[in-house]
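Here you go, one structure.
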Amino acid sequence: MNESISNLWSIPLFIIIPILTAIALNIMYNRKKAISVTAVASSFALVVISALSPFGFHWFTGHPAVLPTGGYTYRADLLGWRLSLEYYYGPLQQIAIFLASLLLLFVVMISIKSLKKNIGPYISLLFLTFMSSAIVIMVNDFYHMWIGVEIGSLIVAGVVLASGEAVSQKAALKYTFFSALSGAGLAIALALILGVTGYSNISDAIKAMPLSNGSLASILYVAFGFTVLSWVYAGGLAPIHPLKADVYGASFPHATVLLQAQSKLMLVAIGLLLLRVFGTLPFAKEVMLSISVLTMMLGVVMAMLQTDFRWTLAYLIVSHSGLVTLGISLGTVQGIIGGLFQAINDVVYMSVLLLACEGVYYFGRGTSIKSVSGIAKRAPWLAIAAILGAFAASGVPPFNGFQSEIILIQASLNYGMPELAIVVLMVSVTTFIALFKGIYNIFLRPDDALNNNEKTGTPVPKILYACLAALIFITVLFGVYPQLAINFLTEAALKVVYIPWVP
Amino acid sequence: MIEINLQLLCFMAAALLVVIGLGGMLFLDNIIKKIIAFTLLSDGVNLALVTLGYVEGGIVSILEPGTSAGAFPENAVLIFGPGIVLTNIVIGVSTTAVLVAVTMVLYRRYGTLKASKVLKGERK
Amino acid sequence: MDSKGLKGSRGIIAVIALMIIFVGVSTSLLQLNGNVARGISPEYNELAPYEAPNNLASWVYDYRGFDTLIETGVIYVGALVSVLAIGRGIVRVKGVEGDAPVAPSSMEFNVSTLNVILKYFGVPVIILLVAYALLVLTGAATSGGGGFQCGVIFSSAYLLGMIFYGRKNPLNLSKKFLIAIGGVGWSIYALLGLPGYLTTGYWQYNVGADLWTSGVIPGVDGMAAVVPDILRQLFGDPFRLLLVMSDGTYASTAGIVPLINIGEAFNVIGAICLIFLVFVYGWNDEEEKSR
Amino acid sequence: MGSIDSLYDKVKRFVTEFTSGKSTSSAMTGYMTGELQIVVFMMILASFFRIFSIPLGMVILAAVVGAIFIFGPMIKTIEDENSSDLNRVLFWVMIYFAVIIAVTLWG
């Protein structure tokens, strides 16, 4: 590990390239050719940079750290209070940002192909979505994480609003209300932690935490409560899950791919923060565990009740973020590895399902199981992709969902809570039922109107099939060789559990 | 003369503002009133953050010619609080702008501002 | 839940919940009272004489300059999203019908009935406000204020002009101009990190002073000066501001902070004026094409 | 009450409550499965009490099973409470938050 590199070249580019691209695309507005060239080139550059970059720190503005003994240092591995903002790019960040940039590339290509007119602001919002998720997963600073979460939630509202339908506007308004609430909550948590420790860098704050001083403990409890509030919001966990599901269901399915990736990364980032900062408080892990269990159950139960495939997927995404949360809040190395791996797998297989749903949407009859059927006859590959995605989501070997769920089940058994293992099993079984209820009705149920070659909607773009093939390849790859991903995640899990260092 | 603990008073006012904001968002049904309640909440947070930087007998963190640079670190306000307040104001402005914009659009669509009518939980 | 939903037992439960929250928040703040850890803040204050005289400006734009870049992004995104909600850049899938978008409309207010006194005092007030905004902007590194404040004051002048004189006001800024200036502002800010990144490897390194002469922060071996001696002899030390304090003279180096301020001001002017303009007059794609 | 007849009525009501409203077959399966999920989930939650003492866990488990039969189909309530109504979600968030603060501060 090359962690002493304290000015890694790649880290600023993950933020600056999306910003500049977004500004350029916003000004271009409706010049489609220029927009497509810029957007595809820039997102491709992000994929390449994330794949090539080594691991290390970056201290923005280049101010040194203050040594406790006096004097200054530029070495990131020494104990020192950092004057500047610190980002860390490690194995976890590499795999997360690589996947996010790959999804960004896919989504940008699909949206250029399928959307008409004035796509500049929309695609620039997609780039900013990537930016916010990169910020949140890399940053090691409370203050900056707060800004990242806030800008991320405004961007989500924008992406949802872009379809201009009543249901999206309502979803965006509700979501923004909670963005306001959780932003204020996170600011109070920030104020409390700053008041107790005086440091906004997370590693420094943990080192300075007055855990021995019992009278200050209640400050930490309230800070924990407010941070949990924003965690619940950013990840779409239990009390806010209907709103998050609204957001997922009301945006275009291809945009939901990026939104759910962003949400999972925020879930992971704030979850690890909670574990690092508040993990030693009594009841902290219990609160997190109960939220995760409730999210899983309410999510899948609500998914069973939906009749629109988009909303089924939306609730399933919510419920599967409960699986991620479960792993993280167990707090053991195995649990965290399982949670992180589940987050990555979840992003991939849900993207398969969402893109298949996007294909259905192009037939012009919506995605409700009442209004559309018999798609398999017209688009057999779409049906196959959806079925493979459903297998992956419900934990069938040899797909990736199986590998992470088995780790989660083992972790909860080792933790001494077999009930949690049962809940995980129930979630995967119910996922299977809910998905196949939709897939059977939409793809396989015979339909007369479609057999009569009635042409509605728009042809499914070829690029969608290419993206589906690539994502299914990743699904199977992680399912057969889980070590490919787990090797990236082990280090982060070990660091979170044993040393208060960056994950 | 009664000694007033200014920091304590400000902290209590901040807590009160936060809870009033939360209560307003919860109990008021008009969307615009909810937005106003959110600004109250945000102001409470700002007050808490500013109070955090309070230093007894402190000075503004601007170096005036002729003052002592050596005494500045001890007497100037703690810089984190006011800095973060700037951010919170900006975030508040942007969030409020988005909320008001969507409210405007929804008002044109439905002709009412009642959250219980406009923002019902319903599926397409 | 209808509006009566919170009046029964649910309302009582909600009140109890709020009281618990109040007790929690106030006890934690009570314990914080007098126990605030000073942490890293005195360090920032100690370094203040070597940075900009306005310590808040140097904290916001130098030490935590990258935070402020993203924060500037928040207001850019706020403008982008709220204008998107009104109608700029709503996208549709080809061949798929959705709900009809809300018809763009502008607010009705009659400019001609304006009081004569207001009409004639409007222009001087606007001029004064714009001048004040520029004053705040240029003095940001040495006094209180900064780009954001400048942008807000300027946009309030713009709003005043719009209310007094309608669309053809003295500050007749078009939507395209506002969008462009907002984007240019944010990209100025983002790109001001590039010189430091290319020379030292740290993004947004404050290149002003350390490349011109050697480093100033005590205890750190600064970069060797890259600029040749002859240039320094010719131009002196334009990046230094000498602070005459009671205990000595300090060479203060605001560096790129004033430039960042200008970028931020552009961004805020673009964003907030655009929000005002579109909220009042709406957005109409057809009209934009014909202009 | 307590006769065979009323039990039969209860079961009948239990089943017919699902079919009211939007009763397409696929929606019905969703509601039935959801109800069963909730039942199993509540039983699992009840069994968590074994960490205090095993007899207590068994008693609470039995009580939950009884409660499930008495309160009939819960899925409609669950669906209502999980709707994305802004006021309702705000209410639940406040409750959650208060519970978290209460548990961590005084638990």
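Annotations for the structure displayed:
Residue numbering begins at 1 within each chain, and the chains themselves are lettered A, B, C and D in the order written.
Please note the rule applied: a residue touches a chain if its C-beta (ideal position, glycine included) is under 8 Å from a C-beta of that chain, and two chains touch if they have at least 3 such contacts.
Only a predicted model underlies this, so the values are computations on that prediction, with no experimental measurement involved.
Chain closest to the overall centre, judged by the mean of its C-alpha atoms against the mean of all protein C-alpha atoms: A.
Chain pair with the most C-beta contact pairs: A-C. The geometric centre of chain C is 50 Å away from that of chain D, both derived from CA atoms.
Taking each chain's centre as the average of its CA atoms, chain A and chain C sit 29 Å apart. Of all residues in chain D, those touching 2 or more other chains are 83-88, 90-91, 94-95, 97, 101, 105, listed in ascending order. The multi-chain contact residues of chain A, meaning those touching 2 or more other chains, are 143, 147, 150, 154, 157-158, 161, 166-167, 169, 172-174, 177, 181, 188, 194-195, 198, 200, 218, 221-222, 225, 242, 306-307. Among the residues of chain B, those touching two or more other chains are numbered 18, 22, 25-26, 29, 48, 52, 78, 80, 87, 91, 94-95, 98, 102, 105, 109, 116, 119, 121. Viewed as a contact network, the protein chains are fully connected, with every chain touching every other.
Contact residues of chain D toward chain C in the complex are 85, 87-88, 91, 94-95, 97-98, 101-102, 105. On the side of chain D, the complex with chain B involves touching residues 83-88, 90-91, 94. Against chain A, the residues of chain C that register as touching in their complex are 24-25, 27-29, 31-32, 35-41, 43-44, 47, 62-67, 69-71, 73-74, 76-78, 80-81, 83-85, 87-99, 101-102, 179-180, 183, 186-187, 190-191, 193, 196-197, 200-206, 217, 219-220, 285. Those residues of chain A that touch chain D in the complex are listed here as 171, 173-174, 177-178, 181, 218, 221-222, 224-225, 228-229, 232, 238-243, 245-246, 281-284, 287, 293, 297-298, 300-302, 304-307, 369-370, 419, 422-423, 426, 430, 433-434, 437, 441. Across the complex, chain C meets chain D through its residues 1, 5-6, 10, 13-14, 16-18, 20-21, 24, 27.
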